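In the two complexes that follow, chain A is the common piece, with chain B as its partner first and chain C second.
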Partner chain A sequence: MKPIILQGHERSLTQIVFNAEGDLLFSASKDSVVNAWYTSNGERLGTFGGIKGDGGHNGTVWTVAVDSQSRFLVTGAADNTMKLWDISTGKCLRTWEFLTAVKRVAWNEDDDTILSITEQRQGQPSVIRIFPINREDPTSQTDTPLTEMRLTGSKATVALFAPVSDYVITGHESGKVAKYDVKTGEEVNFVDDAHRGEITDIQLSPDGTYFITSSKDKTARLFDSETLEEMKVYTTETPLNSACIAPLRPYIILGGGQDAMSVTTTSSRAGKFESRFWHKLFEEEVGRVKGHFGPINTLAVHPQGRAYASGAEDGFVRVHWFDESYFRSRPFGDLEPEVEV
Partner chain B sequence: MAAARPLKTDWAADDVDADELPAPSETTDADGITTIITWRLDEQDRKVKVTRRVRRRIQTQIVSHSVAERKHWAKFGLDKGKPSGPDRKTTIVGENLHFRIAPVSKAEPEAADPIAAKPLAGKAVVCRLCQGAHFTAKCPFKEQLAVVDSLNADGMDDGQEDDPSAGGLAPRGGTSTGGKYVPPGQRAGGGAGESMFRNRDDLPTLRITSLSVDADEDDVRDLFAKFGRIGRVSVVRDRETRESKGLAFVSFEEKKAAELAIQKMNGHGYDSLILNVAWSQPRGDRP
Partner chain C sequence: MSAAEQINGFSEEEELDLQAELEEGYADIEERYAVDTQQGFENVLVIDNIPIIDEGKKQRLVDRLRQLFAKAGAAIEEENISMPWDDSAATNKGFIFLTYPDAQQAENALRVLDGTAFGKNVLYVNRFGDIERYANMPVGEGELPTGWKEKPYVEKDHLRSWLGDNAGRDQYLTFRDTDVSIWWNGRNGVAEPVKGADGKPLKNSKWGELYLQWSPLGTYLASLHRVGVALWSGPKLDGPIGVNVLRFTHPGVRLIQFSPCENYLVTWSDEPLENYENHSIAALRETFGPEDEGNHFVVWDVKSTRVLRTFPADKPAGANADEASRMAWPVFKWSPDDAYIARCNVGTGISVYELPSMGLLDKKSIKIEGVQDFEWCPMSDKDHAAKKDGKGKECMIAFWTPEVPNQPARVNLMAIPSRTILRSKNLFNVTDCKFYWQSQGDFLCVKVDRHARKAKSKKATFCNLELFRVREKDYPVEVIEFKDYVPQFAWEPAGTRFAMVSSNDPNFGQAIPGVVVKYNIDFYQLDPKKGDFTAIKHLDGKIANTLVWAPKGRHIALATIGSSTKFDIEFWDLDFTVDERREGSEPGANVTMLGTGEHYGVTDIAWDPSGRYIATSASSWRSSPEPGYCIWDFKGQQLAHEPKDRFKQFLWRPRPATLLSKDQIKKVRKELKEFSRQFDEEDAAEENRGSAEKLAQRQREISEWNAWRARNNKRIDEERKSRGKERKVQEKVEEEEKVEEWVEELIDETEEVVVG
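Let's turn to the complex of A and B:
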């Protein structure tokens, strides 16, 4: 397995995402630029922002999301704005301004609605807003959200639309996982002690019926999207920053490492800056991939399960295309069904 | 492979030649190796012939229409106007990683810090505070005695703690780093400096000759994996045909494993040939 190393950022990565076909990868970083890459050869398609006066972000880009047709990109940044971009040209189509930083954005399944989470700061509460997206005339978008959810308790750090586009599932700083109705904005279900630390990432399974959360409490957990019932727990020895569910094979990929604060005082060998593969059902670790020399901040898996990418505090993105042996592997022997590739 | 032609002495011929570089040519021989000859001018306006011999392999991949269409998009942003194909500045291919899915045994001890774990042979560690046999930073009476210590610090004889090795090791214990920057070489768990690409010369390497030409990297890895953890395997191949030359290098992570492998595998029969396994000589030491 030869990783493709993408060095298009000057600062640490915050989020990376594949598009629906897995031929493009988008990376957001603290250097205020979002890059688009061809995953097959690592060629950079272009940058969103980065040139003065072209309408790019002016601060850490915290989050990026792509629609299922690979037409539009949404980004949220620390300059208190959320932007909509045309992917084929790299042009900024629309900017929304808020009172605080945008920490997370996501598309719904129908590509006609997005959500944004704004940071809790300067007396402002953490707010989740749902905006409709006009796909016919992308430059004219409304400023009024469909729904606005002002959170009173712990602030939300991550969110996604699930199940389907009717609900939003959120992960909170306190470790709480909650589910909101998109139309009414009401909390319909919650688990207060889903995690014992801040939830750092949430990613959906290929069919959308369950999702994974990673947390600073060193665990990643699988939950049912419908009932929020905990299904599996993966316990590691480092705080986790990201987790994803690999399609095609029964594996979970986890990434983390100790806090960015203490990176300069530990070696990469002791820092555990590896992507870890866990067996989804048996909750056992089945492999590790080395390479980064900073904690892994974000992981993304190819939607068809052919590759995965990791972005780290060291400013690099590494794209790994799986070998033949990965698809044939049966780490627990006869307990697992024979695989046909 | 560049052959420079001597500078033209005739001033009249110079001008004409400079404009008329021979057209680049491409020929493919029976082995499927393409020879590309191109001409260019160097800084002193001399003609330089560049010959490249490459083997082209076409990889066909079936993708959906939307993916194929996206492949032809023009670049934008900072990459606007750049030619297609990966740019060396932003994209590099890393070293081959050996990644195999297999249960990770829990019994395997955590990669112990080799420096901290090693008992300080022959070095008497004396606590500055209580004179016990431990580092000052780990003193159980730190809180109580630190106050007293700071009061009469000036009057104390610093003979013992001036030992440079003991002083340098103390922060490696990990308790007293206190968020300060520690150079990579002195960090807990770290030996020498670290880089993204592992140094090839620091691992004990074996040279395997009279290897079957059908054996590839994975076969060699399987053959030697039972002796210990393997860092790198490379099979020497013909530059053009990519056929094995029957020579391979295996780098172990531990010297002991490499020694055992020589003992067991030298003279071992493999695929109708008898393996010859010996230490690999570094490039500089070879006769």
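Let's turn to the complex of A and C:
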């Protein structure tokens, strides 16, 4: 499983996503550029905002999301803007401006709505806004959100649309997981002590019925999307920055490492910068993949489960295509859950 | 001032008061001004057991007593001695009163005089006040002294029940954050929590306060707390206080040490004991008396949890506070049979106390000018048995004195209690001596760190090993000289071999980051024919700096501990044989490395009591970069690796000596195949059962998961349908798209000029 190393960013990675077919990978980084890559060979397809003055971001790009048809890309950045891009041309179609940085964006499953989380800062509360997207005439988008949820209490750090897109599921700085109604903006369900530290990532299962959260409290947890009931807990010995659920095989992938601030210079081993594979059901670690020399900030898995990619503080993205043995191996004998794709 | 004047001096009001008081009656006043028999006599002592003499010898007796008192440091004038006289018998009554100028001096005299020998008589000294107090104690007539609490008898839980494990497994303790767990170490590193009768794992939130320690035979688990020490025993390691839980109150306790047979305990606190007479905590009031004030060491009797004696700290912390803080522990050293406890008063002598009275042996310390350190000689199982039959030899200590002008440094072996010097050996150019007794007391190695003859600084640069063969007549000594410094030495437990680490690396002793110091490791063996020690194996350029022998000998682990870059562990077997014929060829031929391992961040290493497993642990107390622990077998195969955040302690539970006789052990060895067959079957069954349990658990998890998924899928499909949406059917992964890549590579380019 020789990784393909994508060296196109000058600063650390913030989020990476595969498109629905898994042939493209989009990476956002602190160097204010978003790159698109061919996953098969690591060639760069293009950039979004690479050249100054073409409508690119002017600050750390915190988040990136791609629609299921690979037509549009949404990005959010520290320059207090959210942008909509045409993937095929690389042109910025629309820019929304806010009062604070945009920390997270996500598409719903019908590709007609997006959400954005803005940072809590300078007296501004953390706000989740839902925008409709006009797919027919992409340059004319509305400025007024469908719903605006001004959060009280702990700020939201991550969010996604629950299946059928009636609800938004959020992860908070305090470790809370909550569910909001998209139409009314009301909090319909919450688990206050889901985690004991900041929630750093949230990713949905292939069919959307459950999701995984990673946290600074060194655990990752699996929740039921409907009830927010905790299904599984994966306890590691390092703060986690990202977690994802692998299709085809019953594994989840976790990534993290010591904080960049507290990383010692002695050895990369002390930092625990490996991607960890855990068995989704038995809550046991089954393997690790080394390679990064900084904490892993973001993980993404190929939608058909053929590969996974990790982006780290060291500025590299590593794309790993799984070997044949990965699909064949049965570390727990004949015990295998039903396959889901 | 007379009474009349006093009354005249009163004001009118006061006179009225006085009048009223008088009217109330004298009873009150009497009570208030009653003479306390104990007060006013603090400076008076009663000495009992004085020889009975007649008038003629009275003066001589008084003079002799005064001499004795002066010698003991409690001099007294003749007029302050009063000797009650029995006129009818014309003799004294056998006791005298001493009146000292103040209470302080009397207290001192009490301490130094009590129990001293006067001729054939032993003098008993008491406070004058105590006589009356104890005489007036409400005893007799079925009445019990005040403060007596009747305690119902409670049956003790079995103290050694853990040894009855069917599989003969050992226990170990792990301490993480504030969480203490106790485990059975199963085959192949499979850990199983030790459970109580209720089937729940043993847990106690009180254990994780400071740190923990097992007693030397594994009977008690000692937990240290800010207020004292608690010992936990029995199958639950818990139970009623005073029965299976023993408490020893000692505020600020930091270090503890059990006696080898677990009868006694020494505790040390860096806070001096205070006067607890009026303290709010009853335990403190009852445990310590005023004479314990200011002391740091407490010697306890374990079973009764009573204080036997307290001692002050060694040196007053002050100018050399730094040195004092690095106090060498143990300060008190126990003889191997729990008969004595001794302490070295550096430079002046060794104080040996008898147990359980805690009185000085023969009433005085052993005076040894310049003594630096000493160690008790351990006893073999045979010695212990002999001692039980009352036929044992005397105990033995080894001590050394440094060089002074015109006198060489000297190592001595001394018998206790007779104080006979059994062997003495002179040494020259000595910087320091360290004693290493073989575990059965057969051999003593004195590692002598030496400096060059004319060297100005007394820094040790090379080393001698002085090997005493203690079981042979006249204690022959063999000297092995080295040109290098020897930082580590270790005897094979109960064996005739030893291993040592030496280093001639110029970087030794300097902490240069990134530089790995190289060591040489040597193995020596007692040659049975010649009777002296010969080198059998030399290993060059090793990075291991720590030697750990397996408790039954033969196997040794060489570890690199304390380095910031290397964490290697090597597993060696000294008697590795593939075929029997090679055995006995040449002594070093069978020394073989079985395996190597690495435990990143290791800080501690320990064999289990059986010598089959070894645990390496990384403690967050020593700021290890990756706290946690590993368990290995003796071959160096890693069986378990448990990285745990904030991991602190790993402790194997020790075992008492085996109850099998030598013959029984021999029989088991001989018929090992027979014996092991039965266990092989059990092992196989165990393995199946273990995996079956796990399998069932996993199967359950899978079926639960599948059921939940099916439910959820159904629900979400219905929901989608109700909205007229189709479930997005992921098209069957279409035939893998082949991405063909054309790569053109220019291999060579040459330009040729074609001349037309």
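We take it that the second predicted complex is superposed on the first by the 331 of 341 C-alpha atoms of A that agree within 3 Å, B and C clash if a C-alpha of one lies under 4 Å from a C-alpha of the other, contacts with A are read in each partner's own complex, and residues count from 1 in each chain.
Criterion: contacts are C-beta pairs under 8 Å (C-beta built on N, C-alpha and C of every residue); 3 or more make two chains touch, one makes a residue touch a chain.
Bear in mind the structure is a predicted one, so any value in this text is a computation, not a measurement.
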item	value
Touched partner set for A:293, first chain B, second chain C, both or neither	first
Touched partner set for A:99, first chain B, second chain C, both or neither	neither
Touched partner set for A:281, first chain B, second chain C, both or neither	second
Which superposed partner A:44 touches (first chain B, second chain C, both, neither)	first
Which of chain B and chain C A:233 touches, first, second, both or neither	neither
Which superposed partner A:304 touches (first chain B, second chain C, both, neither)	second
First, second, both or neither for A:326, with chain B first and chain C second	first
Which of chain B and chain C A:188 touches, first, second, both or neither	neither
Chain B versus chain C, judged by how many residues of chain A each one touches	B
Residues of chain A contacting chain B in one complex and chain C in the other	23, 40-41, 264, 266-267, 269-270, 332
Interfacial residue positions of chain B with respect to chain A in the complex	61, 63-64, 66-67, 70-71, 73, 75-80, 84-87, 89-104, 111, 113, 177, 179-182, 184, 187-190, 194, 196
In the complex with chain B, residue positions of chain A that touch it	1-8, 21, 23-24, 33, 38, 40-51, 54, 69-70, 88-91, 251, 261-262, 264-271, 277, 284-291, 293, 318, 320, 323, 325-326, 329, 331-332
List of chain C residues in touch with chain A within their complex	564-565, 600-601, 625-626, 628, 643-645, 695, 698-699, 701-702, 705-706, 708-709, 712-713, 715-716, 719-720, 723, 725, 728, 730, 733, 737, 739, 741
Residue numbers on chain A that touch chain C, as the complex places them	23, 40-41, 109-110, 163-164, 206-210, 218, 224, 226, 231, 237, 264, 266-267, 269-270, 281-282, 304, 332-333, 335-338, 340-341
